[in-house]
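Here come two complexes built around subunit A, the first alongside subunit B, the second alongside subunit C.
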Partner chain A sequence: MNSIREKISLAVAATAVAMMALTGCGSGTASTGGGAMLPDEQQNLTFVPAFAVPGLDPTKAPLEMGSNQVLSNVLQALVKLDENSQPQPQLAESWEWTTPTTLTLKLREGVTFSDGQALSSADVKATLERYISQKQTLAAVLAVIESVSADDPTTVTITTTQPTGTLLGVLSMLFIGQAAHAQDDAWWAKPTGTGPFVINDFIANDKVSLTRNEGYWGEKAKLRSLTFKLITDVNAKVTALSNGQAQVLNDVPFDQVATVEAMSNVAFTQTEGLTYNFLWFNNAREPFTDVRVRTAMWEAVDLPTIVESLYGDTASVMDSFCPTSAFGCVAATDMPSYDPEHAKKLLAEAGYAEGFTADVIFSTANAGYDSLISALVSAWNEIGVTITPRALDGATWLSEFSALNWDMDVQPNQTATGDADYTLNRLYKCEAKRMGYCNPELDQLMAQAQESNDAQARLKLYQQVVDTMVKDAPAIPLFQTKPNVAASNTVQGLTIPPTEFIDWSTVYLTE
Partner chain B sequence: MLGYVIRRILLAVFVLWGVSTVVFIIVRLVPADPALLIAGDTATADQLAALRNQMGLDRPPLVQYGSFLGGVVTGDFGSSYTQSVPAMQLVAQALPNTALLAFLAVLGALVVSFPLGVVAAVRVNRPIDRIVTTGSLIVQALPSFWIGVVLLLIFSRTLKWLPSADLTSAQSLILPTTVLALPLIALLTRLIRSGLIEVNGEGYINTARAKGMREPAILFTHAIRNALIPIITVVGLAFGTLLGGAVVTETVFSFPGIGKLLVSSIHVRDYSVVQACVIVIAAAFVLINLLVDLLYAYLDPRVRLAK
Partner chain C sequence: MTTAPTTSAAPAMTKARRSRWGVHTRTLVPCAIIALIAVGAIFVPVLYGYDPLRVDLADRLKPPGSVLPNGSIAVFGTDQIGSDLFAQMMAGARVSLIIGAATLAIAGVIGVLIGMLAGYYGGWLDTVLMRVADIQLAFPAILLAVLLAAVLGQGVLNVIIVLSISNWVVFARIARSQVLALKDREYVEAARTLGLGNFHIIFRTLLPGSLPPILVVGTVELGHVVLAEAALSFLGVGVPMGTASLGSTIANGVQYLSTAWWISTLPGVLLLLLVLATGVLGDAVRDRLDPRLRSL
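Right, the complex of A and B next:
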């Protein structure tokens, strides 16, 4: 816990930064600014993230967005994904598939943890084994790893049970800690990493403060301290930016974009991301067992209009079953479009000329879903189908969802590895049993795509996968969201990758 | 007096046992499985079973209740499922912040409402009285989340005088304290006013006047002291309520207090933290009530004689 003195000095520094922001230039775009860099003691930045940080042990919650946004600046993975979701060297400087099931990685030399200890292959082996033994949300994708061996201090070999072209994408999500603490839960609750920042203070779901890793092996961070402060109230969040309490915020809701854009000292930018929203049919329940009914439901909704009116340009309609910024999420050849008359015809052919009744579940934790669901329900009403929305709190939704106790479900999702395999193969193969959908031919295509190391061959396979899915219509891809940040013009060097894991080491504050 | 004190303490223990039991039952009646929330929707049945076992959720309810009650007595509510630290540690982190907020709000409310109430009572039915009474009615009718957002937009966003979130400096306390104090100011002002007007017609006041005592002396030595007795109850209750009821204000201002902790724990079904929060809040409320009752009995002998 920070001392009061530290808190007050932080507040003073933040106020100083704010005053400079107010008197500085106000051009409105991220890349201008151009003032002189502030002295080191004033390089203190507060960021308001979109997601809470419930804990800092990545092996216990590997897919926790909020935690990963922090941890990606403290710990590092063997590889990291670039803006095209392709793996690039991080702790590993090179890698090679020596056999279709053997991946050998060469570690970068001279890498140290923030406590000064050198990184070795033993750390990698112990960390990967910890991830596997925790059996958490990545268990399914980690299941292909048969063994990890530390051949010499800088060489790691991973053997898989089957050819796995997607392994590097998975490795990009695994943060490496120290072998000596592999079994130590307390150490992992506040881990020491090889990254440009060190965890200073952490209050779950409220605040994490990081300080610069002064012994960083690469180019040192320009910020002296970085605070992630969760502010859930939308007004308070935007106000924190306007009065200089925070310098950057993530996830400005659509109805606040105009307010933020109107601020003279703030730049608003958005980019393509990996987060999207889908509707699932319970394919094992009447009447959604019939593909004609599922397609009719899809054709009944005018998605371009709904998305445009609810989210403006902060979201876009999809032309695939996962966001196009992920590898393999290719555009479907023949995506269904809005055609209520054809939808009615399909319903009549399926024996539902008089319509039917069903329900749709969603979690109230997703802001703005009320309006989205209302729009969908009224669209289905137009073709004679009566849908009852069931708005559930987050915890109840998860229970109902997991028990398959629903006719339709709407939810957000993220293609975390930046690869179509992660979303399509994990969710839609027969074995997944997520929504009662099973097409053995699709399974085969997806398995081939997962095994292949040839990018072009994989793209061709995914084209077939996506086109098959459009014909089967097990789900409706609704829209993908564009991650956004609003930043004070004093902030420089900020870029948002599709994963939304901002690299804060390049960011600095100017006058 | 001793008998009265013992009776009150026993009653307080009984109330706390009741609260503990109700909380234990309610958190388990709410749908959703905490094990599933932690393991995620990709967990297998085996993983879920192992986690339920580790969390003690697979034990019979009575066994869980027994160990829970044992924990309550020793102040050990178990570990937070989500954060792997003792639940009491989280509560101990948040409670002082909320207590500070509640204390400042009550203090501020007393400082402001006292002169307002006295002036209104002394000038009863004059314009100043009407302004004070109408103003306090209006303030009391405004919902706190609305006041919070409005103050935030004025003082934080437009004027940029005060911080909008977190607890980083003394300034961070001003807006949330004001939001909590305003309805209390309205309530206390009206109570002080009516209390003073009521005692004004009492025999001992008339006696004082008949003895030739001057009005200010009557007001301060006789009227106010007697009119204040009911205020103690209200202030005590308000302080207790603020300890647990500042949820909305804490959320609006991202204030790291116990209300915010409670709400976020409910969202993730963190049983241990929810139980610890509710019971600590209830204990604080009961304790304050007990102190108020004892103080009341001390100040007004009629109370303890009646029991």
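Right, the complex of A and C next:
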């Protein structure tokens, strides 16, 4: 008995020493606090994301936040955005605009899918064509792509219908799969990628478990397994972190931040993000057809106070129509500020001295929105406008919203490409018909900005764009949120990019 | 130690007296609680000038007993949008009581009518009506209510309709069983022999005889209805935003349970008191009106 126990403890000690030696050699960077790296069989991490994962086919729902958070660890795009939203090499090693409408990309050599197959330009071509043929939420953005050709195994050429300076940002959202399965929906429902993790198990809107891609072409992931487990109840989420059921939480609401920060073994971090919240007026409906009414509604709300009270430092007031961390979202001059007296005057000029009644829709899927909407409604009430809030469940909200069956709408939005073009040109041009707003002059400015490849010229154009929009007030940019993460102190190497697509391959657990 | 009873009647008398005293307390205390809540529900929102859509962000999440900047004391604290919790709870109780009373009135009238007709006429009418009732009883009441509420949408009137639909069965069944038990009694026979019509027999002879158990059921059901309304509002299919409800106040406070316990807890306690009071009162009313029903 005794001897066996001794042998076992010796073996354990030896392994521990070996592991420490290995980690000491392997990672050059010093970990911030925490003990030694846990042995490989204990490198299992559970992450509670902020968004549900309804499906894993990126070509069917390219803008699904939850899915992209998972897929960005399984599949890879040609380029990825860095923390300044600038494209950096990923599957493409380098790229060049050979003509204003021709982009040639050189693929990285030695990249293999997790099943061992090598990546070739045919895979890129087939995947991009699948994205285009699915006609999903990115259709408008992909419309500029005229053709994709695979010139040789490592060269891909993309031809566009017009000069498109924003193409690389779009490419950063397209995950590359295998050419042989381009038509195979079942394959795409659980795709095989070139990323550091492999999908092991998936239950829609509940959990996704990933395991390490042992044959990864780059530096292998340190985690053995990674589980995305959705917990919608805020209290249950915080409890999961405190009892070790989960090691990392995304999106801790402001009112819970104090609780999380009070936990002794938890680190709370937040960064600038690309997610923001806006209010849209139905510009085609009375009385919001009148710009004075729209401006009055804007001036009636004391956004700095509302945002400060409800969201504290987890959100900030906006000075543009898209989040500042995105390229081209320059600060607008003369943003309307809180001035209820002037708002009343404007209403009177527009012929609504006695106020009016209207509604505002929002989805109950957005946690904490009832407080925000109450605050807005209360502020409008002060200038004599009666607004009826309509809290709708997700599906009802979507159908009402798409049918333009609302006077006002409040919702979150993301500038996914990290470029103003993606948000402004997609949502506010006449053709978009999203809220009955149309200003041909603005359309022209935005088209010019899209075509240009010159960053300085684009910034100048976007300055004109946002200044025009402030005058027209088709919408109110409410606030931009800072993505946050609460992680147990045993988690090392975790950073949150603005897109909130965390790269889990560098993360590991210590004692 | 056992002492032989001096007279065999004494313990029974004591017991009877005690139970009568019990019935008194059990009637008075719940009545007082319900009356207090009703008075509060009528006057407090008016006195406080409560407006469900008014937001005072500077005063949010204040604990019970806090002194607000305007000098008033938030007895029960404030909620996540800075609204006074006491006023909000009382406005919620007002909605609960209105919905409870209206639902009882509608479900009671419809249910009793259907039950009496089914019991009195029997035959195919009875079979059809009671099978419908059986089918409905096969569904859990709250599930049916959630389903209907999801279809009809939010609104006080809709909640009343939904709850009336899911509650008429109880009244129908109790009325029917009473009518079945009474319709062969001598006084009913006498009325029939005198040549009185069906209408007269149903409403003038059978209805008064059936009332006690219906009243008992009605009192108990009030609690159930109040609870059901809170459940619907908690789930977001009850009253709309902008109308106070104990259920939606509790739901709003759930995510603050660890930081601001009072938002969910206090309305929960009020709901508990209200439901408990109606339950105990129903029990006492039953003992008083019809002791034979004790096993009900």
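Here is the rule we go by: the second predicted complex is superposed on the first by the 479 of 511 C-alpha atoms of A that agree within 3 Å, B and C clash if a C-alpha of one lies under 4 Å from a C-alpha of the other, contacts with A are read in each partner's own complex, and residues count from 1 in each chain.
The working rule: a residue touches a chain if its C-beta (ideal position, glycine included) is under 8 Å from a C-beta of that chain, and two chains touch if they have at least 3 such contacts.
These numbers were taken from a predicted model, which means no experiment stands behind them.
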First (subunit B), second (subunit C), both or neither touched by A:K135: first
Partner chain(s) touched by A:N381 [first = subunit B, second = subunit C, both, neither]: second
Larger contact residue set on subunit A - subunit B or subunit C: B
Partner chain in contact with A:A391 - subunit B first, subunit C second, else both or neither: second
Subunit B versus subunit C as contact partner of A:V238, first or second or both or neither: both
Subunit B versus subunit C as contact partner of A:T481, first or second or both or neither: neither
Which superposed partner A:N489 touches (first subunit B, second subunit C, both, neither): neither
Partner chain(s) touched by A:T364 [first = subunit B, second = subunit C, both, neither]: second
Shared contact residues on subunit A - subunit B and subunit C: 233, 235, 238, 393
Contact footprint of subunit B on subunit A as seen in their complex: 1, 7-8, 10-12, 14, 18, 22, 52, 54-55, 57, 63, 135-137, 139-140, 185, 189, 203-207, 229-233, 235-240, 242-246, 365, 393-396, 398-399, 401-402, 426
Complex contacts: residues of subunit B adjacent to subunit A: 30-34, 36-37, 39-44, 47, 80, 82-85, 90, 93, 149, 152-153, 156-157, 160, 162-169, 171-172, 251-254, 256, 260, 264, 267-269
For the subunit A and subunit C complex, residues of the former touching the latter: 233-235, 238, 253, 255-256, 258-259, 305-306, 309-310, 364, 367-368, 370-371, 373-375, 377-379, 381, 388-391, 393
In the complex with subunit A, residue positions of subunit C that touch it: 53-55, 57-58, 60-61, 80-81, 154, 236, 240-242, 252, 254-260
